[in-house]
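Consider the two complexes below, in which subunit A is the common component and subunit B and subunit C are the respective partners.
For the complex of A and B:
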């Protein structure tokens, strides 16, 4: 028969899943309001967008897939809201098939709230495979690189917003939402290293955060927002709490639950092991 | 045939309902492997492939033909298309070698591109950013925290570089260096793993939000 300590490190994974589910679901109904502290790299990301002169050209690279909704959507919305409120022009492109489709869906509320008009304040270029080639082509002409068509099949050259953006060197800031490759590496390599773009800020998934921080430390990125935690910090800085702020309670409780199981499991394992050694 | 936006909007509740069922089907793997999970997985893969195909056609191929070729007369782009189509020789055993032509061109282009554009700036920026000040004074005051961080950074960097120096066998005192480097690397991997866990928890939260808010309207 199993001792209590053996049971502690041999908990059925389904029990762990069930408890984790409860820990994550409860705060969705009963808000805890856990504190959110601002990291320096998130603050830098906010400052870069906030301090750009009015009417700046911002390229938003939606380099993620739809599954990253919980992490990317709140930071994309917060950045887009801030950029449009500041009177910047945003140009949305993607090397992921669902990048621009999701951006279209996720930003409709922000466009309505800020009164942004398609073709005047923002434009969605749509998915372009072989993104390095497209980015190289944008260095000489963005309209040619996009075959003069946007995400909806409309003519780009007819849109007033395209007067501000002829080629990559016109871009004042790249906001790249990164979940792997292609991602910020491509923007750094193609546009930054060839002198087209000076400022790149990255909104990354939690998995990608350590990689992005190395680039931030090397001065290749001017700010980083990482995971749901970073998105919640950004929402706090922008002053409009959203889904990331709400999600942080669940995130916090989930982490506490995981830590608790790790501690319980390890205590059970170590005690059982020492008992077995003594009995031999 | 053109589908009206109103018709697409009217289908949204049905889409959300099906999305909720599929989410539950995918999550059923947490209990155990089952046919419902397999079905939902195949639906997901099929839908993602179809979405990719349609988006590629609408965003790239169609404007490429309509604008670049028919309007601008850039018919030479047909050469690139022809070379690209060679990849479909793959299933024919006798002519498989032809399918390697576009692949070789693609690999050659990317290898050259990576060596020139991709390597220089990131590599040199990483090297120069590792030259840290080991005695930091901020506004005339000694900054203990940054000094400590920089010293840890430089020590960890040097030890890890020694660990990956393969020309000398790490014996004697050098074995201690490699042991210490391993400790630093384990800490870095732990941080990376923690970030991954955070990200996965967020993915699950996204699904919970979809189920509770969009599907069941509980919140």
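For the complex of A and C:
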């Protein structure tokens, strides 16, 4: 017969899954509404976009797959909203097959809200395989690198927005949404190291955040927004709460639940271990 | 010739890319921009096609031999061909509402679901593996708890010092370790690239050495 302490460190994983699910679902019925504090690297990311002169050229690299919707979508929307409200031109490209399709999906509301017009305020270049060679080609001519076609198959050279962006050195800021490789490393290696761009801000998944902070500390990135927490902070700075802000309650309760299980497991383990030692 | 030619192409292309970074030459710059970069893009497209053919071959064989769980191979090939038909035959662009209906309701939701399942795996794994078995394991346990609480507003509500402590751990412990790992990995990648460049590594050629 197992003692209660032995049961504490041998909880069935299905029980853990069920309690975790409950904890994450609870905020659907009530909100905690805890204050969100801003990290310095998120504030720097916001300031870089906010303080660019009007009419700046912003390259948005959608280097993520559709599965990262929960973390990337809110920060992509927040940055796009901020950039378009400030009158910047945004150019969206991706080396991931999902990147530009999801950008088209997720930004339609933002384009409608800010009155942005395709070809005048923004352009979506579309998916291009082989990141490094495409980025190398953009260094001399973006229209040639994109084969003069956008995501929808229309000619890029007919669009008025392309007069502001001929080659990589025209870019004022790179906003890269990083989920691994290719990511901010590649933009730093191909463009920044060659002196084409100076400002790079990274929106990363939670898993990638520690890697990006290393580059931020080294001065290679001018700001980092990491995970749903970072996206919630960015939404607070932009002034439009979204899905990330709503998700923080669930994330917080999930963290607490996991920690509670860790504590319970260790209490059970230590007490059982000491009893076994005493009985010997 | 079958083994020598790929090695020569590898060496010449790699040497041009390296020289282009160190020598100011319009010829090299234009050659890389106008030929090499596009050649890589075209060959990557061929590789994607080759991958697609391989997927069809592997799963087609599973279906024809009625291997266990061949039903999932049928689902995979069915959705594979369906999306190909929508794109190539129906000429629906990937911003077309018809295409997006399947993309949003199948691919997007299933991808997000698979990613979300990780949360439960991590919860279960953390419960089982973070045990106070040794000093190292105890430090790992305490660090993980501090970082988890520092990353969410509820942690700050419990104690205002968690975010500061988590940031200190990130800046003073995590960053140096990651830098050391990055340097090591980069040196390893550099060595491997040099081996590929000068033809010592021939595993990618048919028949090996």
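As a convention for this text, the second predicted complex is superposed on the first by the 280 of 280 C-alpha atoms of A that agree within 3 Å, B and C clash if a C-alpha of one lies under 4 Å from a C-alpha of the other, contacts with A are read in each partner's own complex, and residues count from 1 in each chain.
Definition applied: a contact is a pair of C-beta atoms (placed from the backbone, for glycine too) under 8 Å apart; a residue touches a chain by one contact, two chains touch by 3 or more.
Just so we're clear, the structure is a prediction, and the values are computed from it rather than from any experiment.
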| request: Check whether A:117 is in contact with subunit B, with subunit C, with both or with neither, and answer first, second, both or neither. | output: neither
| request: Check the residue A:25 against both partner chains and state whether it touches subunit B (first), subunit C (second), both, or neither. | output: first
| query | First (subunit B), second (subunit C), both or neither: which does A:35 touch? | reply | second
| task | Have a look at where A:247 lands relative to subunit B and subunit C in the superposition and call it first, second, both or neither. | result | first
| request: Would you check which partner chain A:255 touches, where first means subunit B only, second means subunit C only, and both and neither mean what they say? | output: both
| request: Could you look at A:101 and tell me whether it touches subunit B, subunit C, both or neither (first, second, both, neither)? | output: both
| message | Just to be sure I read the superposition right, which of the two partners does A:189 touch: subunit B = first, subunit C = second, or both, or neither? | response | first
| said: Once chain A of both complexes is superposed, is A:219 in touch with subunit B (first), subunit C (second), both, or neither? | reply: first
| said: Shared contact residues on subunit A, subunit B side and subunit C side combined as an intersection? | reply: 17, 21, 24, 67-70, 98, 101, 128-129, 132, 151, 153, 206, 210, 214, 217, 227, 229, 251, 254-255, 258
| Hey, which residues of subunit C end up touching subunit A in the complex? | 29-30, 32-34, 36-41, 44-45, 48, 93-95, 100, 103-104, 107-108, 111-112, 114-116, 119-120, 122-124, 126-128, 130-132, 141, 144-145, 148-149, 151-157, 163, 167, 170-171, 174-175, 178-179, 182
| remark: subunit B contacts subunit A in the complex at 30-31, 48, 51-52, 55-56, 58-60, 62-64, 66-68, 110, 113, 117-118, 120-122, 125-126, 128-129, 188, 191-192, 195-206, 208-210, 212, 218-219
| query | In the complex of these two chains, what residues of subunit A are touching subunit B? | reply | 14, 17, 21, 24-25, 28-29, 67-71, 97-98, 100-101, 126-129, 132, 146-149, 151, 153, 185, 188-190, 192-194, 205-207, 209-210, 214-215, 217-220, 226-229, 243, 247, 250-251, 254-255, 258
| task | Using the touch definition up top, name the residues of subunit A that touch subunit C in the complex. | result | 9, 11, 13, 16-17, 20-21, 24, 32, 34-37, 39, 65-70, 98, 101-102, 104-105, 128-130, 132-134, 136-137, 139-141, 145, 151-153, 206, 210-211, 213-214, 217, 227, 229, 248-249, 251-259, 261-262, 265-266, 269-270
